[in-house]
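Structures given as structure tokens follow.
Same chain, two partners: subunit A is paired with subunit B first, then with subunit C.
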Partner chain A sequence: MTVAPEKSAELVVPEGHVKLTIDGLEVVAPKGELLIRTAERLGIVIPRFCDHPLLDPAGACRQCLVEVEMGGRPMPKPQASCTMTVAEGMVVKTQHTSPVADKAQQGVMELLLINHPLDCPICDKGGECPLQNQALAHGRADSRFHETKRTFPKPIPISTQVLLDRERCVLCQRCTRFSSQIAGDPFIELLERGAQQQIGIAQEKPFQSYFSGNTIQICPVGALTSAAYRFRSRPFDLVSTPSVCEHCSSGCAERTDWRRGKVMRKLAGEDPEVNEEWICDKGRFAFRYATAADRLLRPMVRDADSGQLRESSWTEALRVAAEGLAKARDEAGGVGVLAGGRLTVEDAYAYGKFARVALRTNDVDFRARPHSAEELEFLAASVVGTSPESGGVTFRQLESAPAVLCVAFEPEEEAPIVFLRLRKAARKGRTKVFHLGQWTSPAVDKTFGTLLPCVPGGEPAAIEGLFFNSGTAEAFEALSGSGSVILVGERAAEVPGLFSSVLRLAERTGAKAAWIPRRAGERGALDAGVLPNLLPGGRQVTDGTARAEVEQAWGLAAGALSAEPGRDTDAILGAAAAGELGGLLVGGVDPYDLADPELALRAIERAGFVVSLELRPSAVTERADVVLPIAPSTEKSGSYLNWEGRRREFGTTLDGTGALPDCRVLDTLAVEMDADLFTQTPAAARANLERLGATASTRRAEPPAVPAPPAPGAGEDGVLLATWHQLIDNGSLQDEEPNLAGTARTPVARLSAATAEQFGVVAGEQVTVATERGSVTLTAEPADLPDGVVWLPLNSGVSRLRRELGAGHGATVSLRPQARGGNS
Partner chain B sequence: MGVFDPLKGFGVTFSTMFKKVVTEQYPEDYRPTAARYHGRHQLNRHPDGLEKCVGCELCAWACPADAIFVEGGDNTEDARFSPGERYGADYQINYLRCIGCGLCIEACPTRSLTMTNFYELADDDRQRLIFTKEDLLAPLLPGMEQPPHAMRLGENEQDYYVNGPELARKAGEVAQ
Partner chain C sequence: MTTFDERPATAAETEVFGQDTVDRARAIIARYPRSRSALLPMLHLVQSVQGHVSQAGIAFCAQQLDLSNAEVSAVATFYTMYKRKPCGEHLVSVCTNTLCAALGGDDIYAKLREHLGSDGKPLGHEETSGTPGEPGSITLEHAECLAACDLGPVLQVNYEYYDNQTASSALELVKALQSGQKPAPTRGAPLSDFRKVELQLAGFFEDNESDVDGPSAAAETVRGAKIANEKGWTAPREPDSVEFPALPEKK
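And then the complex of A and B:
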């Protein structure tokens, strides 16, 4: 350090700040700042284990000892700099200038190492271990301890994906503090005392956390390791590439570590605006789907003679696809495009442009899930184009909002990082969280939230009730506070009138409404115009000025774009099933995610010509005429828009695998059809999209205005079905991950005690939920649902509601106890 | 040039005939190397046949020529290849790259990797010069058993490591 401040230049101390000296350097720090952080700002690194900027200070490891002088008098003993806050006139000496501090730190290190095993060669942390590094930097060269070390049996599984090696633990309590403070799942605790003190599993509570992987990452030693990554590689043979999670709409920053062309693990990246330093277990552990043995690598064409798919060259496949699509477009009533909700913005843009330019249709939709016309209006009027820059709702705003209302949105299951923010906000006592839902789910508890119960489908009526009902006056009042937010989830599309009610509520209270889809690509596809009523940049299909802009940018003849909004997913499938559509171009869509899987399968079979762009075999590829393989997110570059509308750009992690992104495949396919998309690479697609810029048209989309229907009833012998996706479920992006799957929440059927009694269902025993399509049998569990309602997970284990029941949130189902079988 | 110079030259040639020959008639005459010659590597075994390699990759880390590739694996109850939790699931040395420096031997924490005196490492196929774990593992001596199998020696881990060799020797004597 050569740039010591000159003695004469007095430091100005602003209001709320103090002046102190660290290692002879004068520094001004805000009141309440921890010494260790102030030192960090000066570039002085004090060794530490337990200290973590996002966790409450604990002072557990004592590695950060420094010498402190207050008011000219030295404190009797060295102090922990991670728990002591700055004070006026303090004089701090770290290990660099104080032999006392240095000796104290060495002593602590020696104590920590007494029982630490010397198994660095077989420890996953070896090579990236704070204990290793700091022992080298601040420890003694040799140990004076020659007795036998305390040992514990080697790793005990805390869950199927986290292993605990107690010998290595330095009892810093980062993991226990993370789970109780950040995640709110106290699954791991400090047990025993003295030399036997150890970390263990919280007694009698089943291990349950969607965020357990973070404890592995923040453990400063190798005490917590990942079962999936265990022994797979050492830090020095990993190449780390910054990436963005492809799973949900939070858009977390990640770091992908890979070795010899294979992804070995993913870690949370740091982004204070988005995920801070955390990611959920799905984002961390679910990545092997991309290397599954059945991954499609070669194009396939259906053989005219045998009727079977056979591998072909790209040239042949593209020619066959182009010919088939052109024929369906010109002679058989047109082609519909189902893009799927997992695309990057660039790929989504290519789908939208392909539909409009090569297929000359507005029949394009990214929504591979139940949807509604009301949703389209809502998206066009209040969501498209919003971003942090344009004043949209952000993670940070959630943190400072006086109140947040979650409507048809289960934050922990659908966007876990939103959940962490809500919990953080609520934990500080600043934010009141309300959940308009059916039962007190774990997320309600962990966000210190209030449940505003309603029957499924009764959400709009419940919102209207907020205005008048005295019981909910508190919620209404809180939401009227400036900066309040209403979050709407994907299942709102299954409840008629809900989007309209949300907008009315937003207007009445002044709260901002934000839409949080579940899939990573939905928000991007919306802004890229992959909807029947929208062109890129939120331009409406019905708006002449907007169309003209797009026609000009795309080099089309004036009037080439249809002014007629196209069909949405259901209508496309309906038309195909009725033989009105000659062809389908399907991206990553799983028919079993759709409102009516049977209709979807029939449509795909009926459609004269089907082209499927897929990563792995699916119900669509089985029935397609041409299958074109595309690249998973690790093998391409691009960007997602997260729910905030924030652009989350990422580069290629695994280069040169030969896999092509969707935009490239569509570009070539378009060329075969004599149309130019200019989306050869994601960068080209991006540039092409950016050229469009913002629209000059001043026409605004009309918000939906559906009157709130009265809360539905299920009639005499039926019940209403409430359901949503669980974070870890049967989703195909979680395939090949047995360790992750082991931490999924057990699927159960939840219902109120009164409903159980009415239908003769006994808690803990099997109950069958059925429609005329089929039935699902699960264990019944009592919960505080409204009467006449049953809750099942949407796609967990045997509970595959769309596939088995063809039913979703708000449907009427029948309920009966399952006669107890011989041994089940 | 002097008159006798050609003769001097012949003199040198002639006198050499009575000196000891340094040329070796390899391969007919195969001479042993110096005892600590850095020849081909070997992955050693514990006395019961379990592998000593724990797949820690420290050899690969130490290698200045990047000739070694290792990938670790989990020992399970049903398939144990080495004592402890971890074993070398994949182990390769590329002799096209190896410079025989022996740094890997120094790095090995379990004395699994040592070097033999074997030096006939030439081939006309590059692929064959990448030695895999099967090529490098020490042969099974009497009393050793092909892994995977459980730890056979001693009451517990301590015993296995500390007294294993002794126990194996005793077991061998009894058998004879």
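And then the complex of A and C:
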């Protein structure tokens, strides 16, 4: 028996704290802390099912019972330690010191198992199941229940990707609480009562949520399983590798589970600073693209005789590519580099360096989407180099900001974890969220937000309006609160004057502005200098001191780097289409993501020599002279910079597949061209980038100062197009995953009642949106858009706007009702 | 043709539930500071139209209250007063909780099941004899304690009490209902039909408030109070302070 020393060093109880005893140990805890948490801090584990630190307490499963004594009086019955908060002088006895608590826990476990099928040997969760583990640790070997168990038909699909075995459910309600509290998608509920009580969905209304996969992970039993993963493997056969999500700029921590060279599933990793314990369904389920049958595994060169691509050796492909690029560089006006927005920092760095060192050009751009010169200035002046360490905006700051304004940014669709943080902040009532957009999208509702409506292209005018318009005084005032944040998204590049207005607003209110690109690689590519105006580390091409630093670090002759900013993506394509550029080096770029896909395709065709680094065939590889296969994120190491500028490093998941990262391919290609990149491996590339360090130059980039144009109008017969990407859409990184695709939001055309009436459009019927290039026909749905505006998803189902219409956010389009039954 | 107003009336709204139901729904919502509080009366409202809570009814409530269908289903499937299948003109609830059961409730229920059954098969719980909604159709259910134990065995028709029943009195009652009569309940409001009562439960009395207010206690229930009153009996006054017994020794 341990006896407390006579004169134990008195525990000091700070303000707002209380002192209590758990299993004989004195402990100081902040007021309001749940007993189960305090016990955890002492290393005392109380069994539990429904308790989850990120969900509101529920006390639903009763597994966490302990004995509690208050003011010398024992409470009459054991208490749920997950709902009871600490109090001064409380004496708590867990199963370790109280036979009563132990017996209560065993009893609860016995009851929970009464109707459980005990089918662990065929259950996905077996081996990682809190029920299985805790039944062994805290349950009885035998049950006194010998009657017939209640059974249900199993499983029932509650969405295309989540299956429910009701027999295994312990009714802890983690899934329902996650959905209503965290995701804001209350499409799964506790139904019926008594012995029939069960989790379910409304009839014919599937569990519609971008975050539903999290319920599979937090279900403490095997009741919720993944349609894609069900019966595929046992947890103990899997190797788990920490990884980082390759999809959006949130940079979520993930755990990739694999065996025999094949990724079986991805789970959310824990990172309280970034994704807490959640990831979106895209991050969880969209990984099979990397094993698609058409994955490029061998280099290909275009056969001179047949004009067809044929497989070749690396030696041959690299030689042909090097020769072709050198020739284009020296004799045909130069080579432009389109790197794409999905690269790791290390790979991006290699593209930038390859352009400057091997191709001797600043014609390099990672922006495979509409972009602008104003954006370049904005990125150079306000984004590059920011990080949590340098005082940049962070996820945590979103949570404590008095106000957040989303500008041209649709958080749930573009950076879902940012959305979850905004919802969390708003739900606690601390943060007011404003959305400068076109309609009350689900994210506006679910962040308890206020829509500041404007026409597409009218965002700058609306921001200027914030300064004096009394109707929006509330927003202006809120943003002036210390710690407020303005988040600006990728489609801001389609709105002239918007970046400038955002910076003006930031200056006037004192709010911090942050840029949230959609793709995982954009922020890293920015800092790695994959832009026509920037070298690594935010060094400006026009800054002599900065150039000299780079020349020295790269071992180049003084003056080797051009002081002239290069062409951006559009200009590179324009020059190639005009025959002014002899070659293109294209990373993972899909021409149909660009502002003008037709121009892009023409440019690629016209360019004398095209080298494509790709994972899978695309419109670029079809037209390339040399195709070099590269590794997907699971087959290489590296790091992403998330939107915060936080480095998200990951190791190789699948080793030894022979797939090469871009940096390695470019390094070898450069050697063939007599240039040294020192990017043989991601680690080498990183070291090489780090050697550059921070710049000593004090020259600051000038922020953009484009005056806000007046809000546009669409003229007599047209309407303005508002559009953005939906999270789950036609993106090629979601290929091969039909279960995920089944949860995509149905593409519809949204418009106001007045606009519908003006054009004779009827709710629920087809409407055709067209430009000179082509048309898209979708079902019309009413929404609170400004009049004269139609919203379509950018790349969902048939709504492939860049490809079909050659149009994007803010474009003028025509609108006409589609006769019933007509399909032309 | 569907109109294209701000929040369009869906098929569920206009086809199944007429404008008057939509108006009533809005009136219910107006009673509460938070709209979702209106869900329980709203579910009674849709039952008053369809005789049960249908999927369309769930969708209607969800839309009016800005809830998800799953949230409404959760509530609708929890309470036994919300029926999943269309009910008859009358709902007969026989108390088979312990006390009534022992006093004869089980016999009453068995008798009624047999009488209302067909093809030699007794009618089941929450099943309907006759075509739901048609005159004389009857839905039978066994109920938990109806809070009239002193008058047991009891049954209710459309939630109105018929006290001190026997198997034969209950059978008589049901036969009368089937033939279109409306025998007066032992106490409380006169008998109407299930859907009308559902409308009342939703809070709409159509100028018949007087039918449903006023005392409905039975003589048996107030007998004790009456005697005490006559004899001037009162409960002992609560003392000003109470000595608590000493705490048991800590172990």
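Structure notes:
Following the convention adopted for this analysis, the second predicted complex is superposed on the first by the 808 of 824 C-alpha atoms of A that agree within 3 Å, B and C clash if a C-alpha of one lies under 4 Å from a C-alpha of the other, contacts with A are read in each partner's own complex, and residues count from 1 in each chain.
Throughout what follows, a residue touches a chain if its C-beta (ideal position, glycine included) is under 8 Å from a C-beta of that chain, and two chains touch if they have at least 3 such contacts.
Since we're looking at a predicted model, the values are computed, not measured.
Looking at the shared chain after the overlay, A:232 reaches subunit B, while subunit C stays out of its contact range.
Once chain A of one complex is fitted onto chain A of the other, the partner contacts of A:186 are limited to subunit C, with no touch recorded for subunit B.
Applying the stated contact rule after C-alpha superposition, one finds that A:387 touches neither subunit B nor subunit C. With both complexes placed on chain A, subunit A has more residues touched by C than by the other of subunit B and subunit C. When both complexes are overlaid on chain A, the residue A:83 reaches neither subunit B nor subunit C.
Look at A:155: by the touch rule set out above, it reaches subunit B but stays clear of subunit C. Once the two complexes are overlaid on the shared chain, A:775 sits clear of subunit B and of subunit C alike. Of the two partner chains placed by superposition, A:106 touches none, neither subunit B nor subunit C. Looking at the complex, you find that subunit A touches subunit C at residues 72-73, 185-193, 200-205, 207, 753, 756-757, 761-764, 782, 784. Residues 54-58, 60-61, 71-74, 84-86, 89, 109-110 of subunit B touch subunit A in their complex.
Looking at the complex, you find that subunit C touches subunit A at residues 1-8, 55, 58, 62, 67-74, 77-78, 247, 250. Listed in rising order, the residues of subunit A touching subunit B in the complex are 121-122, 126-127, 154-155, 230-234, 236-237.
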